[in-house]
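First subunit A sits with subunit B, and in the next complex the same chain sits with subunit C.
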Partner chain A sequence: MSHTAGVQTFADEVKAVPGGEHLELCYSCGTCVSKCMIQQKVEPDYNPRRLLRMVMEGMEEAAFTSPTTWLCSECDLCFSACPQEIHISQVIKAVKELAVRAGYTSPLTAVTVNEDLCSGCGICAMVCPYEAPSLYEKEVDGVLDRFSKVDPNKCMGCGTCVAACPLGAIARVGVSNAEITAQFPETPKDAPTMIVFTCDWSLREAEDVALLESYPEDEVNVIHIPCTGRIDPQHALMALDSGVKGVLVCGCKPGECHYKRGTDVASCKIGLLDTMLGQMNLPQKQIRFVQIGTQERGRIREEIDGMLNTLTQSMEAMA
Partner chain B sequence: MTSKPKLAFYWAASCGGCEITVTELGMRLVDISEKADIVFWPAAMDFKYEDVRAMADNEIDITFFNGAIRNEENEEIAHLMRQKSKILIAFGSCSHLGGIPGLANMYDIESLCQRVFDTSPSVDDTRGTRPQTCTIVPEGEIKLPALYEQVQYLADVTDVDYFMPGCPPVVDQVWAVFQAALSGNLPTKGSVIGASAKSVCDVCTRKKGEPGFRITEFKRPHEVELDPDLCFLTQGVICCGPATRAGCGTPCLNGNMPCRGCYGPAEGVEDQGAKLASAIGALIDTDDPEKLNQILETIVDPAGTFYRFGLAHSIMNKMKYERGTGHETEDLH
Partner chain C sequence: MVDAARQPKIDVRAFTEVEKVEGFVGNFKVTLREKAKYVRADRCNGCGACTLACPVEVPNYFEMSLAPRKAAYVPMSQSVPLIYSIDMENCIQCYKCVDACGALEAIDFSQEDKLVEEDIGAIVVATGFSHFDPSVMEEYGYARYPNVITAMEMERLNNSAGPTSGDLIRPSDHESPKTLAFINCVGSRDKRYNPYCSNFCCMYSIKNAVLLKQMNPDVDITIYYMDIRTPSKGYEEFYDRAREMGIHFSQGRPSLITENPETHNLYVHAEDIALGRVTEKEYDMVMLNQAAIPQPDQNHMSSVLNVAQSPGGWFMEYHPKLRPIDSPTDGIFFAGACLGPKDIPSSVAQGSAAAARASRILHSEEWDIEPTVAVVWPDRCSAETKGRACGLCVKACPYGAVKLEGDKAAEIITAKCHGCGGCVAECPEDAITQLHYTDAQILAQMRALLAEKPEEKILAFRCHWCSYGGADLAGTSHFEYTANERGMKVMCSARMDSDFIYEAFRLGAGGVLYSGCHPQDCHYITGQVVGAKRASRLKKTFDRMGMTEGRFRIEWISAAEGDKYARVLNEMQDVLDNIPPEELHEEIERLKPEMSKRLKNFPGVPGVEEAMVYSDKLVKAITSQLEAK
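What follows is the complex of A and B.
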């Protein structure tokens, strides 16, 4: 830990890492905790206020092993709420950097690269919100070849790279291409069957999640993805090709994405797909992307019912 | 009586570029003619369909079939060549994936005819001409093959043994395939031959984008002075290399032009255009969500760009023509 001369305390060390400077502005009000989706949805022990306090108290090991250090995805919902305007995610990132230097590793399951499939295009490195993948060179059969490698301590598991990887060379358990397509309903009947790809974070209330699950499975098939950054237009088309009548992709409102840019990435991809469907004179309403805000409880029902109605009407018109 | 293998070449809906790539073999064609007999090659030699019809089934050892299936004649000869050939190779992008002619599947026949026969600036539109399958003239009846509603690729209409991509296939790959075929060293049926498994990026030596690179505006190649050492995407120019099969030897990249995708989808790509939309869409700068649509609008003709050679082979094409969800539901727009 000799990166800065004269470092005394753990708090000083954190402050010396870019982003950690604002630590001492924190007066532990806890507004950040009330805003945090991780605390509410995943890990009750997740607590930015407590982590910052640990740092100030010099509790190095407790900070390094705290879930808060590793689970923060820099969504920055707390940043906009903090009365002291502390960029909390960057303070947490500073703690994480020190933890990694000290040999601690992320408890999250990172994506991995299959080098047999990787062409070294670097798309994953460019699209990742956390800059977890990067390219490296090694000699294969006497020729210098490029491959992607992933820093497992930086990867948050959003799957944006998995969807962007042209060759299916990058994946994580639960979000691989095969695992997603395996969830397509097998024999869609001659009814307005639809698939809802939903980001695990966009429906923030239990009642919304319950609502989503309340539809009969053979009518509304729900496929959970970590983030809509994981949506692959190929999958939307393959679903329609398999006989599904509509695909609804449900993500977060811009600015509320848990993985920083996933919802906007999805917006670009579905936007492109929509344009191409239009160019082919195919009905564009079969694929729809909705961005649901934290305050829009119950909107998912309107969106699903709306699509079911549209699909039923167009099927009746055809019959 | 000869024991030399028999080769045939045919062109269906194509531009002739695949034929030129065969002639580019130059003196090596003489080597081929020593090892094999060319028994049918309408573009270069005087054979008739009747000559082929007179052959026994499977009499031709290998047929190299280029061009898409656009009309009745294309399909009829595809079936004929299949019947007469032991090995049928879809040769070049059009035969493999529909190629450039496949882009016509964005339009219906009537609007295509309107453009070609009525509104094209170089055409006198007063006669309302349309191609007829049968026309009576003083000398008798003139027959033309009927145009199909959609452009198809060879495997749409008949059983194909191998697929050789490229617009056109590059000459060194053609030579390598000839040698493999004549020595009986072709891989398992259904394989893509004369190409690699990975993508063009695997062999491209340009410097890739840094982590976190984002595109803020797309440009067409003529709108920007291109750096020959940098990845085209990092210069805001769409390159289809990431999802396109390698094997071409990168002549376009060497000429400082981005990959247009003619070698078709690389292994692991289900749908070339949708995959490119997934990869390139994710590179767009998302810092200001308000601007996303403006950036997207700088991609001129996304379907024609991402599916330039493979629209007829795309899932969208299947949805439009096989499931018939195209025209009946136009009112949804």
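What follows is the complex of A and C.
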């Protein structure tokens, strides 16, 4: 700890990075910690309040290696809740920037780009909420060509670019197209069966997640994805093609998306898909997108039961 | 209250609003609006027969709308005076109350609001506070989840005279809650709503918890807090007692409340700071301890009384430490939470103190005021000469002491003037002067101080309350500073007229210091603000003229900052030392015409010309005397 006047402390360095300014206002109330879902869902040692404290106490090393520095996805749930109006995600981003400058790297696995497939169209750079992908030029067989590359320290692994890439050139471990489709039920029975694509964050309550899993697997098949931004409309169509009767995509309420805007991207895609089904005279309402807010405890039950009802009714009508 | 009402010398005017306050200490004229009650106070005996007869039911404000009241009502059973009134907004004019009142004939539907004017010697303002509405904080779900209630609702629910006769029940199913969470600092210590600490809520939630626990030891209560503040006598012991009784205290501000849609039970999400872990606990009922906020009509009251408001909207005291219950206007005092959130003991203490302060005025035949008051030369005021008042004096006065009506010259209400001199310096027509600090007097001092080798001198303007004290402390503390400093005292930095500064440089002063209190510390509330604005304008003008940086300096120095005073003067001396003498001489001479240009009207100020001649003679006499020796 150093309070010597005139000496640049770690806190000063963080404050000098845009976003880090209001650091000292923190009075350690813990609102950010309980608003954030990372500690509850992923990493018990995640704690923004403690990170701010480490910065103020000059604990550089501890701050740079803290999971808080690397796991914050800037969803900003804490910013709107902070009574001191500290833009916590930007303070964390400032620490992360200093950590990267000091040679530390993100522990997260970033998406990978297959350069044999990449056409350098730049859609990934447009959809990414974190400005992780960028285009660069390289000579291949004497021809100057453009490719996408992803900054592993910026990528949070939401998979929005994976779904957006028109050539399937980007992959994210665990949620490749093959890995997702492999989870489709093999022999759908002649009953109202459905697939629920749910993002890792929209169901805040453990009891809601348990409820989702409690439906019989051959009736409600749950597929976990990091973010609904990862949903490719093709997944929904392939699911219907495989024989299930309905697809429910469950994401966060706008403004509460864990990856800033994945839920908005998905909302457009699924909305468009439903309209297209209508234009092709195919039955609508088989594919639905619901956005669940942090305070909507128990809503998932209503949504699934509602959809199962609709499916039963439409099956009866068809029969 | 009943005691007060019985006191023959206390006249309680309920249901009455202050419309207008004119005059000054000892001689206020207050216009009161006595609102129509539609019940004659001289006949109503408070029997309540009208209430029983009235068929209209509306939400009862006093019961936090948890119970109804009639259109013929008293606000609460302990109302003083106990006179019923008819709520005309909701009355259906069935006249059942008139029948019920019978021979008393107290109900009078023809009553109208009455304006009364009273002669008042002193005013005590005790308008209290209001409550923050937590429904704007979506995260806590107040007004959406039935079992989330506010502290005031809790107060009514566990009051034996309340709507449930003291049974605490859940609004959703009228069951008794077994587990309760209290959340402190709802809307207070929160920059999104009210940044200040609401002062009494910590003790208040502990009190509620202790009361509930005493009535039902099985009930489980958790208080979520950021810090527990128990600064008064016996408070910490009370906090200890609450913990000994088994009330849980959990440090960590909840970020979210969710509700089980079936049971209407609530889940409070918070970080347990001691554990560093997020907890999500289930409760039957949650109480929000909402912030205290200023009354909704506090702005209106502040303009009626002509008293300032602090940031946040509360009334502003004369001085936070030395005159905590006086208003800046003599004869108006504050008591209680209208000044800021305050608990009962402090409010009572302030009430007694305000009464004592007020009675000092009522018992005096005469009232001493500052001798340095401002006086207007009406024939110079632009309202008189040009038929149009500029109003700068009104803007500069922190006390509302300047009266400006129509095309009549401005007038200073002497009893309200505190003598800062802000209006004097602001007046572009030099139509106002200040007793004992006239332009002529100050000018004479300046000319004497700058009589010899002015280019070596640093003329330091200091305000009476802060920087003069700072200079004094520098002396008594034996801090060494340049011997070329020449000090001048005025009452406030607001009095430091631009003319003085121009004149100082015209006379050839090497440097000029413009010093006063720190912002917020000004003895004359906002005098420093007026002074600071003028000083920064001057600084820009001098920069444009090409004056060397540091010759004119603005510094806010408190009476405790003797070291700062010495340092600033030494730094100014360094500036002068670093300019070669011939260059300094050239600069002074170059700027003199610029200064004279801006001083065109100065000799016209009454007394100034004579002061110039007189001081020139005096200076000459003294110098020749010195030379003769």
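Following the convention adopted for this analysis, the second predicted complex is superposed on the first by the 312 of 319 C-alpha atoms of A that agree within 3 Å, B and C clash if a C-alpha of one lies under 4 Å from a C-alpha of the other, contacts with A are read in each partner's own complex, and residues count from 1 in each chain.
Definition applied: a contact is a pair of C-beta atoms (placed from the backbone, for glycine too) under 8 Å apart; a residue touches a chain by one contact, two chains touch by 3 or more.
Everything numeric here is computed off the predicted structure, so don't read it as measured data.
Trainee: Looking at the overlay on subunit A, is there a clash between subunit B and subunit C, or do the two fit?
Mentor: fit
Trainee: Of the two partner chains, subunit B (first) and subunit C (second), which one does A:Arg297 touch, if any: first, second, both, or neither?
Mentor: Touch partner of A:Arg297: subunit C, not subunit B.
Trainee: With the two structures laid over each other on chain A, which partner does A:Gly30 touch: subunit B (first), subunit C (second), both, or neither?
Mentor: Touch status of A:Gly30: second partner only.
Trainee: In the superposed arrangement, does A:Cys121 touch subunit B (first), subunit C (second), both or neither?
Mentor: first
Trainee: Touch test for A:Gln279: subunit B only (first), subunit C only (second), both, or neither?
Mentor: After superposing on A, A:Gln279 lies in contact with subunit B but is clear of subunit C.
Trainee: Rounded to the nearest 10 degrees, how wide is the angle at the Cα centre of subunit A between the Cα centres of subunit B and subunit C?
Mentor: Taking subunit A as the apex, subunit B and subunit C sit 130 degrees apart.
Trainee: Applying the touch criterion given at the start, work out whether A:Gln40 contacts subunit B, subunit C, both or neither, answering first, second, both or neither.
Mentor: The answer is second: A:Gln40 touches subunit C but not subunit B.
Trainee: First (subunit B), second (subunit C), both or neither: which does A:Gly229 touch?
Mentor: Only subunit B; A:Gly229 stays clear of subunit C.
Trainee: State whether A:Leu167 touches subunit B only (first), subunit C only (second), both chains, or neither.
Mentor: first
Trainee: Which chain, subunit B or subunit C, is in touch with more residues of subunit A?
Mentor: After superposition, B is the partner touching more of subunit A.
Trainee: Between subunit B and subunit C, what is the shortest CA distance in the superposition, whole Å?
Mentor: It comes out at 19 Å between the closest C-alpha atoms.
Trainee: In the superposed view, which residues of subunit A touch subunit B and also subunit C?
Mentor: None.
Trainee: Taking the touch rule as given, give the residues of subunit A at its contact with subunit B in the complex, in rising order.
Mentor: By the definition above, subunit A touches subunit B via 117, 119-123, 125-128, 131, 133-135, 145-146, 160, 163-169, 229, 232-234, 236-238, 240-241, 254-255, 261, 264-265, 267-269, 271-273, 275-286, 310, 314, 317-318.
Trainee: Which residues of subunit A touch subunit C in their complex?
Mentor: 27-35, 39-40, 44, 47, 49-50, 78, 81, 83-85, 204-205, 294-298
Trainee: Enumerate the contact residues on subunit B facing subunit A in the complex.
Mentor: My answer: residues 105-106, 108, 198-202, 208-214, 231, 233, 241-243, 246, 266-271, 273-284, 286, 289, 292-293, 295-296, 299, 301-304, 306-307, 311, 315-320, 323, 325-333.
Trainee: Show me the residue ranges of subunit C that touch subunit A in the complex, using the header's touch definition.
Mentor: Residue list for subunit C touching subunit A: 138-139, 141, 185, 189-192, 226-227, 251-262, 267, 269-273, 276-280.
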